[in-house]
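Have a look at these structures, which come just after this line.
Below, subunit A partners subunit B and then partners subunit C, in two separate complexes.
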Partner chain A sequence: MSAPPPAIRVDRVTKTFRSWESTEGRSWKRPFQRRRARRTAALSEVGMTVETGEFIGLLGQNGAGKSTLIKVMTGLLLPESGTARLYGLDPYADRERNAHTMGVTFGQRTQLWWDLPAHDSFTILRDIYGLPEAEFRATLTELNDVLALSSFWDTPVRFLSLGQRVRCDLAAALLHRPPLLFLDEPTIGLDVLVKDQVRTLLGDLARTGDHTIVLTTHDMAEVEALCRRLVVIDAGRVVFDGERGELAGAAHHRRTVVVEFETPPGPLSLRTAEVVSADGTTVHLRPHPGAEQRQVTDELLSAHSVRSVVFDGTKVEDVLRTLYARRPETAAAAAPTGGPA
Partner chain B sequence: MSPMSAMPPSPRSGHVKPLVPESPVRRPVGRMRLAAVILRAGVRSQLANRADFAMAIANGVTYQVTVLLFATVIFGRFPSLAGWGVGEVLLINSIRMLGHGLYMLFFGNLGLLPHLLRDGRFDAFRTRPAPVLLQVFTYEAPVNAVGDLVVACASLSVCLSLLDVEWTVGMVAFLLAAVVGALVIELGLNLHIAALVLRFRGSESLFFWLDSVSGTFGNYPLGLFPWVLQGAFTFVLPIAFAGFYPAAWLTGHADTAPFSAALAFAFPAVAAALLWSGLAWWRRGVAFYARNN
Partner chain C sequence: MTAPGPESLGMQASAGDRATAGRRRSRAHRLAALVPRTEWAYRPRIAATAFIIVTQVFLYVLLWRALYGEGDDTVAGMDVTQAVTYSVLATLMGTGRVIMEGASQETAQSKIRDGSVVFWFTRPVSARRYCAWRGLGESLYATTWLLSGLAIGLATGLVAAPPSAAAASVATLSYALGQGVFYHLALLVDLTSFWTITSFGINRLAAFAQTLLSGALIPLWFFPSWFTAVSGHLPFSATVHVPVSLYTGRIAAADAWPQLLEQAVWCLLLAAVGRLVWRRAARRLLVLGG
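Let's look at the complex of A and B:
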């Protein structure tokens, strides 16, 4: 008996987009001059394998190629060369069959019916996916328990706030209980409370070991809370594919905490962090390796009157900057772009 | 324990290849049911705001009434147009408008394609287990089509009261077929435009252009126009088959129709060819979109 195919297999995928070179200067001939076409690589020979149950963070700067890769994996975009397979199926050619196995969200773009209440959208999706009524109701109840949807799901989607809409979109993507989730920046622009709700849901799904989740985000706290494996894309290439600790640890020494005390705190001695500098009521700290944000905050609040605590260097961009700073070794480590088995 | 953590494993997942059942909307009955569900929900949501609902219907009525008023002005000055009386011309008008109203009711959301592309909804359609075209057609309840149909029915009843025609069963069947033909011709032409929109975003104004050309030229006898336009509306943009040619046979004007009297019977073939070609263009347009967007 052959081994089951992995949840996702991307093999040497290349995708380019055509753009036109603009001609210099002003001339009446300009509209009649032939412009030269130029092809920009969005993905170059990208490869990775994601097994069932993995939760991976797909990271990269804006324009690095993350969304293009998600579009290729979901069958929305055809690569020029290479292949993408979901459970062994071609996501473009087997679009309708694949749709049963995956749930997708696209950042702030809603896939709900704009003029209808969100609950009506759920009902329509129930019919599209052919869900039995009892299964549909049970899933919706569970989603409502985590995302607190019922207070606004009778409101037309166009009147929902961003946070409410994102929660409804996430519920819509999960209604048919897909084993494979593609979440393209699902928490962008959300407030802390809604972010927490979304993270709780994703964490719960990951713990079942039953869901394969691909998450793109710019929030390092989210990555640290959820993803064990990270894939970093830069200029269309995979420049890192490995365990989260390896990459997050690399950036750790850059992380600082800016604390604003009510009154000058005097000489500080902390278990979780060292003092970098102090100026009146403002103190810069660097957490010790292994110290979590919560532990640092707890220690500060338990012994001092603190006006604010700001963690710096917690964005994905900070980690990426660190990665690029040590690029020669990283590039060497990431040279074979196939994912771990 | 959070409720979602207690969520049982998906029946379609696990460490084996997931089962991928056939979606119910792949079957025609499933598609009709889905369309009915969306339309019902759409009408309900539009009815929630009575003013929006009334405005949507009024828009449809206003546009078609403007077309009819213009025709009335023409008839006020010229009682006969290229040998056609008022009732006969109104029959051309009625066939076209009924076809157009039905097109708007069932397929009019195709004109929303540029908006669906811009908002990313078209991509969402392609991640669901249902035909993309069906999801476009049923995206929202086309309430303003009700206005179009009301005016079209009024036009037909006025036309029938003016016409001196003895209606046989065959003629009634021919009239119904002509209305369906007009609907399919409009669908076929709009599918070609939709396929172009998938390739060239700048081509979305062609939807309005087609609507305007049909409303301006499609309501009158072809003999009124110079031969270049007669040829264009017969062989290039065949809107004459969505009103004029079938009406020519029903009113006994087939012999004086441009090019050939046989063209009065050609509308089913023209409609079928346009639909076939439109669907082929659409499929190629979607493939182009998947390669380039």
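Let's look at the complex of A and C:
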């Protein structure tokens, strides 16, 4: 018997969008003119495999192609070439079968029924997914324990605050207990408390070990708290795919250390780091490869009186900035402009 | 709001294994309750609808009685009772169609505008089936309005009973077919938003055509004969004009079969086009919005 297929396999997926060049001015003839079509690549030759139980952060700038990739993986878009598979099934052709195994949220969009109380949306979804009543009740109770929904789920959705609605939407996505989750910016626009609740829930799901989660977000704290593996997309290409810890190396971005001395230290020569710049009492250092934080601090403290040592540049955010800045000219030209993100 | 530990959320994923999937049986037919439920959430709107119907019926009664005068004449083959019955039923048939009126957030148009149409395609019930069940519910809701209005109309003597049991049965059959035609017409108009994004213009045009050509505004018999003939073969007339004419006996029950056949053909034809458009729409989907 062969090994079970991975939760997600995306193989050399390419998707381009057609956009129309707008003609200049506001001529009355405009609606009748043929506009020239232009093709912009949203994804080019994207490939990745996600095994069951992985929690991956899908990162990239606005318009980099993250949402397009999510749409390909969830079967909403058919790629021009390449294949996507969820547990071995084609997400586009087997849409309805796959629906049972995946839960999705799309940023600020809601799948709840606007005019009805939020709880009605849950029962409608129960009917759509055909959930047995007992299973439905049990799941809803569990979700309510973490997301505290019951205080407002009798309110029509149109009256809910953003935070309340997002929590309901997350519950709606999880109601049928999908093993595979696609969460496209689930915490966008939320306050700290709600973000914490959402993060707690996602962390809990990850710890069960049988949920595969793909998260896109611009919140780096979230990525650092939740995702071990990161996939960075830029201009429709995967520019990084690996453990969070490796990302720094991938960007050839070494940490800098900012040292504040009591008095100007004068010319410095250190075993563990090189001096990048010095300005009075402030000195920027770059540790040599292999030098650990403690070794650098030990050396500094043993010979100088130091007011503070700050290790900087270890954040995912800084690394991403470097990665994005390295975008080659050709890739930049092919980036979708004003097209769908 | 406490932050519970992992043990509080023992959520085990389940849909992966086949055993669970087998226990799940979609109860999509319950989606038929969607429109009535939504309307119930907006009870003032129900009151407003009732008010509009009463006013409109009152005006039609005044208008036809004034135009017919005292005599027992027939105009375009209808006497005054038939004309009033035609208009009352036509008015009632046009109400409760919340999707067509755009009173609902549930249209493809509004879903496409806010992007939430994606969820029509991420669920185990296809968008086409979802809309069909919802449409059935809408139709039943509209039928409730019709039957309540009909009961009141018969009780108050405004509406005449059908001339024969045969007329009543063919009118009922024709009404059912008309509902099918109506659903598919409204759906096709709504689905154009997959291409146009905002289809206000198309909607208005379609609503105008529906009102005028279905006989909902003025009985089609009162128009010039060429207009009656042409509109009689359009799908719009299948929704109101044909069933109402059968009910009032303006079309004799014995002559009903060609009419019913034409309605059935429209229903099937529009359903086939609808199927095709759904397939295209699903492919064309979601280039909209990031």
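Basically, the second predicted complex is superposed on the first by the 237 of 341 C-alpha atoms of A that agree within 3 Å, B and C clash if a C-alpha of one lies under 4 Å from a C-alpha of the other, contacts with A are read in each partner's own complex, and residues count from 1 in each chain.
FYI, a residue touches a chain if its C-beta (ideal position, glycine included) is under 8 Å from a C-beta of that chain, and two chains touch if they have at least 3 such contacts.
For clarity, every value in this text was computed on a predicted model and none was experimentally measured.
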Fit or clash - subunit C, subunit B, common subunit A: clash
Touched partner set for A:V10, first subunit B, second subunit C, both or neither: neither
Which superposed partner A:A291 touches (first subunit B, second subunit C, both, neither): neither
Which of subunit B and subunit C A:M73 touches, first, second, both or neither: neither
Contacts of A:A148 with subunit B and subunit C, given as first, second, both or neither: second
Which superposed partner A:Q111 touches (first subunit B, second subunit C, both, neither): both
Touching partner for A:G88 - first (subunit B), second (subunit C), both, neither: first
First (subunit B), second (subunit C), both or neither touched by A:L193: second
Subunit B versus subunit C as contact partner of A:D210, first or second or both or neither: both
First, second, both or neither for A:P132, with subunit B first and subunit C second: second
Doubly contacted residues of subunit A, that is, touched by subunit B and again by subunit C: 17, 71, 74-78, 87, 95-97, 99-102, 104, 106, 109, 111, 113-116, 120, 124-125, 127-130, 139, 142, 145-146, 156, 177-180, 200-201, 204-205, 207-208, 210-211
Contacting residues of subunit A [partner subunit C, same complex]: 17, 62-63, 67, 71, 74-78, 87, 95-97, 99-102, 104, 106, 109-111, 113-116, 120, 124-125, 127-132, 135, 139, 142, 145-146, 148, 156, 174, 176-180, 193, 196-197, 200-201, 203-205, 207-208, 210-211, 340-341
Residues on subunit A engaged by subunit B in the complex (per definition of touch): 4-5, 17-18, 52-53, 71, 74-78, 87-89, 92, 95-102, 104, 106, 109, 111, 113-117, 120, 123-125, 127-130, 139, 141-143, 145-146, 156, 177-180, 200-201, 204-205, 207-208, 210-211
Footprint of subunit A on subunit C - complex, ascending: 1, 3-4, 6, 8-16, 21, 23-28, 30-31, 34, 37-38, 41-42, 104-106, 114-116, 118-119, 121-126, 130, 283, 285-290
Partner subunit A, residues of subunit B touching it in the complex: 2-7, 9-18, 20-21, 23-26, 30, 33-34, 37-38, 41-42, 44-46, 48, 119-121, 123-124, 126-131, 139-140, 287, 290-293
